[in-house]
Amino acid sequence: MGLIISIIVIGGGLLWILYLSIKGRDVDRRIVYLFVGTTVALAIIFRLEFGEVATPIVKSVFDKIENLPAGSKIVLSYDFDPAMAPEVNPMANAFIRHILEKKHRLYFMSLWATGQSLLSVSLDSVLKPEFPDAKYGVDYCNLGFKAGNEGVLNVVITNLRKMFPSDANGNSLDSLPMFKDVESLKDMDLLISIGGGKPGVKEWVLFAGDPGKVAMAGGSAAVSTPLLYPYWPKQLIGLLGGTKGAAEYEAELIKRYPRFKDKSMPALRMMGPQTMAHVVIIAFIVIGNIAYFRSRKKGEQS
Amino acid sequence: MKHIKLILFICLSLCLTQAIVAQTATDPPAETAPAVQPPAPPGNVILKDLPNDEGHGILVRWDLSPDDGAGRNTVISYDIYRALSPSAPDSLWMNVGTVVLGTKRYSDKSVEKDAPDFLPKKTDLYYRVVAVGAGVRSTPASAGPVQAYDNWFNSMKMPELIFCIVFLILTVRFINMAKRGIDLYVRPLAGIEAIDEAIGRATEMGKPILYVLGIGTAGDIATIASFTVLGRVARKVAEYQTSMIVPCCDPVVMTIAQEIVKTGYADAGRPDTFKEDSVYYVTSQQFPYVAAVNGTILREKPATNIYLGYFAAESLLLAETGVLAGSIQIAGTDQVSQLPFFVVACDYTLLGEELYAASAYLGREPLLLGTLKAQDYLKAIVLVLMVALLALRVITGADVISKPFDAPWW
Amino acid sequence: MTSKTAMRILMAIVALIFLFSWIIKSGSGVSDSTFTNVRDGFLITFAVFLTLSIFSFLYHDNPFYKFAESLYVGISAGYWMCYGFWSTVVGNFVPRASRSLSEFFHVPYQERADHILIYIPIIFGLILLTRLLPRIGWLSRWSLAFIIGTTAGLNLTRYLRSDFISQVSNSFIPLFVDWKGAGDFINHISLAADGQFIAILSNWVIFVGVMCGLVYFFFSKEHKGTFGVASRIGIWILMITFGASFGYTVMGRISLLVGRITFLFGDWLNIL
Amino acid sequence: MKHQIPMLILSAVGTLLVVSVFVPSAQHWGEDATLYFDIIAVFAFFLGGGNLIRVHTEKVSHKSAGWIYSVVTLLGFGIMLVTGLFKIGNPNGIAGDLSKSGSYFQLLFQYVMSPLNSTMYALLAFYVASASYRAFRAKNTEATILLVAAFVILLGRTALGVLLTNWIPAQLSVLQIPNLAIWIMNAPNLAGQRAIMIGISLGVISMSLRLLLGIERTYLGGDS
């Protein structure tokens, strides 16, 4: 029902814009804006959803976490800000669920101050309610944010305590059991950076994964995903790209652990509006070009 | 297919042996067996300084205990102990690590002076390895003394060093060539040539030129490259007596830009026409900055917008506003994700490396041109290497060349 | 005059809507404390107000947008400064500098012989701040030199390894995947996504693509003849790359919009 | 003198960091230098704050156009600074994590900074749409290639791509749009990205070398 209404509204609107463009009339950009807004809103309200299957590049991250022996040490770095959060926060939450479900040890940190604040939200909304047994300092800990971008990584890859004498709550690292056998990030079994700007996954590969020869996975905002492909599969074991990557990971997680089925899986929900918006953008490009070629033809004739 | 059969066979035989072992194990006497006997100690402990480190590491190796995975199969893990004297009492042997069964080596490493297990440099150290079973421990296998010392060169970094030196030699060579006046050819780049043209156009229209350095800091390579171009543009602008607007996103970038533009005006012989507030700081926040620059574009309608430097999401916003204002737009960045928008909406775009080259192009200074040439030669080396190694692979048919850089073969 | 009146009416309507929202939201709070409910009700209403204020820029620049933008500038500058202070000054400097300060801030003190060296960056940092004083502003170049020197030194070796050596070495891929002779290849040729032909084609495209791309970035030779052809292929490959980049970027931007609209419908209007 | 000292500092620090990569016994010097760099980086934030105060108080005191917005900026800055530096409302007091939930700092982040930041980005969705309609033209071969690739990616990353082309038999499955999108990402995109990456890395290396050798001096301001 919702799908039909959406198709009628969107299709009608597109035809109208096509008609105007062919007539050579200028469509105000505000109409374009309104149209995009309506499309996305309709798809959200009607909860259009489509199924997802994990592609190899996502599957390999999932399998890595799945196959590490329990108690492995995994770093999850929050390197993003609220502006990228809709895309990458679902990844972070899916990673937290998967890692703790597999009883790995989880070390949080961030190279962006904003990541630290968003991590607080994740801890309260996902980690604490869903894994009440996870103990701070034993199963997970929060190293917090440090300024200095890749400089931070340059130090922690050889010496963690030099950069982080204490965690975000002021506890000395030596007082936390999970740091007993950790000297530097080289002692980790997997590094995961979730980001989309600079510093982000690329800096992690350059300054931590490569020099430390530690397995490295990434989750990145769609914008920077294509440029991370050259690092896959050698320098990055896998990569989650944008909402699509997050949705694939969520789908894989639900498939393997059905108990997460009723938890909020925002990326899967976002793929519906996403699809509709893509269609509209493609239609805009086509319409724009039709108008362009028509006007060019006219120009040649006259 | 053959392999699968083989694997199946192995699995089957393994299961069979397991079953037999299990059978014998469940025989009545085993049930009440006395406390497990301690496993045999590991053998042949060898100590070595940990290579490629800064002198606080020892590599301990040993042969597996006969009871590890075989024999009585009782070993669960190995404990590694360290002491400063072979005759030290047990309490002074410090447990520096534990590894699971089947492991034959351990790197004992501790750099921090305050750490309880700190490993001192150039000091005699003794080690013991103990095989640990369920509640039982083998007699220790000892070795020593050994000293940790710092290495003066990390041999794992050989390829970097080679390339560094090659690059350095090439750079110095070409700089010298350029200094001696030998003409170094570089092909024309449309985006660069457009800059001069654009300044002329601005003069004719009587409108200003907008120069955006991006949102990077003064330490970003793209910003530094853009500084050099800014200097040239400022000089040209002063010569043509046009005006320019340089809104900055970073306070440090702003002050440097101010001095560069000032110098540019002075070089053109018109220091008096330089207006300090033509280079100004807006805010260091990305979107407020873009909003402000967009406002400027719509109000002033500059003849030319030049966007060179580090750009993120604002590329599209700036470029589209520029299209609306009808300005000629020249852009360049090393941020690949932003290049498509510049390519689509701007008249000329410098792609990645071309931005770095821009400063050499504009200045034609021997020093900059020299490094550009060195870059080209390294690219040529890569191309030749790729073709040569491909040929080698085709001729020999071997896979040896796929990892020329990966394995530490040196 | 009329536009001013219209503006005033608009302001009043907006204020009324948000006052109404505040009351409703405060009433539907879940906390036991009234203060918390009223506060959270206000905050969520304010968040919505800011969201809509920014969206209003799509129609036209207006005072609401300007207000939101100015607030954003101030808030975020303050935010980063606080983080810089707590995470690095308190987190990294204080534990190395003084025991009593460490105790005051509840951070573990680190006893070190060379702790005097930790004042080096503080000196450079203060020098950087001389930028604010016009007369000795030039001093800040010293700190700038430190910053640029660090980035240059770090970049030199890291880019060399990860983006140059590794990428070049990653390009040496088998050009004939699972090759069992030409006969076998032709017998099994297909365009299946996981087939041998596509695997071989991919590797050829990567190998040739990287070479041609590099040729395009070659500055010392004019793009003519064979060289011209290669550089032409190079620019096409680059254009496909940019196309992919464009596609992904569009995807990302849409996700952000979806996130915002979900916030408006879900957290504010509760209609999801 | 004004130029020599900074150049000396730059070369010394840069060279030290390069050397510390190759020489293990110098490694901790490299770490120290990076740590110092991080502390100096914080002063850059302070500098930003200082500049902000300077610029906006000037605007307010001169009552220049839009000065009222400068007041808003200064107010926002002040409020954030006070709540953050004194950790007001932090459940763990001064020792607590700055972004501990419940603290006023975190509330301001969640309800003021976060919506502002993400909405600013969300505007981009509209701008992209408008650019697609107005600016994205197949004016030449290059642009056409870019366009087609973008189409395939946009369709391939959604369920629509599956719906449109799942009738294509397995023998030709690479032509199914989702597979084609993956192929584009894995082959031509990878090649192009790699070529750009190698080029940029050479540029970065060469620029770093120029800086260390003191050839590139524009960061000092002026060409001299």
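Order of writing sets the chain letters: A, B, C and D. Residues in each chain are counted from 1.
Just so it is clear, contacts are C-beta pairs under 8 Å (C-beta built on N, C-alpha and C of every residue); 3 or more make two chains touch, one makes a residue touch a chain.
Here the structure is a predicted model, which means the values were calculated and not measured.
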item: Chains in simultaneous contact with chain A and chain B; value: C, D
item: Chain pair with the most C-beta contacts; value: C-D
item: Distance from chain D to chain A - Cα centre to Cα centre, in angstrom; value: 16
item: Whole-Å gap between the CA centroids of chain C and chain D; value: 4
item: Intercentroid distance (Cα basis), chain C paired with chain B, Å; value: 18
item: Overlap residues in chain B, where contacts from two or more other chains coincide; value: 111, 157, 160, 164, 217-218, 221, 224, 251-252, 255-256, 283-284, 287, 313, 336-337, 340-341, 343-344, 351-353, 357, 372, 375, 379, 382
item: Multi-partner residues of chain D (at least 2 other chains); value: 18, 21, 27-28, 34-35, 37-39, 41-42, 44-45, 47-48, 51-52, 95, 98, 109-110, 113-115, 117-118, 120-121, 123-128, 130, 132, 134, 136, 142-143, 146-147, 150-151, 154, 157, 182, 185-186, 189-190, 193-194, 196-200, 202, 204-205, 207-209, 211, 219-221
item: Interface hub residues of chain C, defined as touching at least two other chains; value: 57-58, 69-70, 72-73, 76-77, 79-80, 83-84, 87-88, 92, 105-106, 110, 128, 131, 144, 147-148, 150-151, 154-157, 159-164, 166-168, 170-171, 207, 210, 214, 217, 238-239, 241-246, 248-251, 254, 256-257, 259-260
item: Touching residues on chain C, where the partner in the complex is chain B; value: 57, 61, 69-70, 72-73, 76-77, 110-112, 128, 131, 137, 140, 144, 147-148, 150-151, 155-157, 160-161, 164-166, 168-169, 171-175, 207, 210-211, 214-215, 217-223, 238-239, 241-243, 245-246, 248-249
item: Complex contact set, residues of chain D against chain B; value: 18, 21-28, 44, 47-48, 51-52, 55, 117, 120-121, 123-124, 127-128, 130-131, 134-136, 142-143, 146, 150, 193, 196, 198-200, 202-211, 213, 215-216, 218-224
item: Contact footprint of chain A on chain B as seen in their complex; value: 97, 109-112, 312-313, 336-337
item: Of chain B, residues touching chain C in the complex; value: 113-114, 157, 159-160, 163-164, 184-187, 189, 217-221, 224, 251-252, 255-256, 283-285, 287-288, 291, 295, 336-337, 339-341, 343-344, 351-354, 357, 372-373, 375-376, 379-380, 382-383, 385-387, 389-390, 393, 399, 401-406
item: Residue ranges of chain C touching chain A (in the complex, touch as defined); value: 58-59, 79-80, 83-84, 87-88, 91-92, 95, 105-108, 110, 150, 154, 158-159, 161-163, 166-167, 170, 241, 244-245, 248-252, 254-262, 265, 271-272
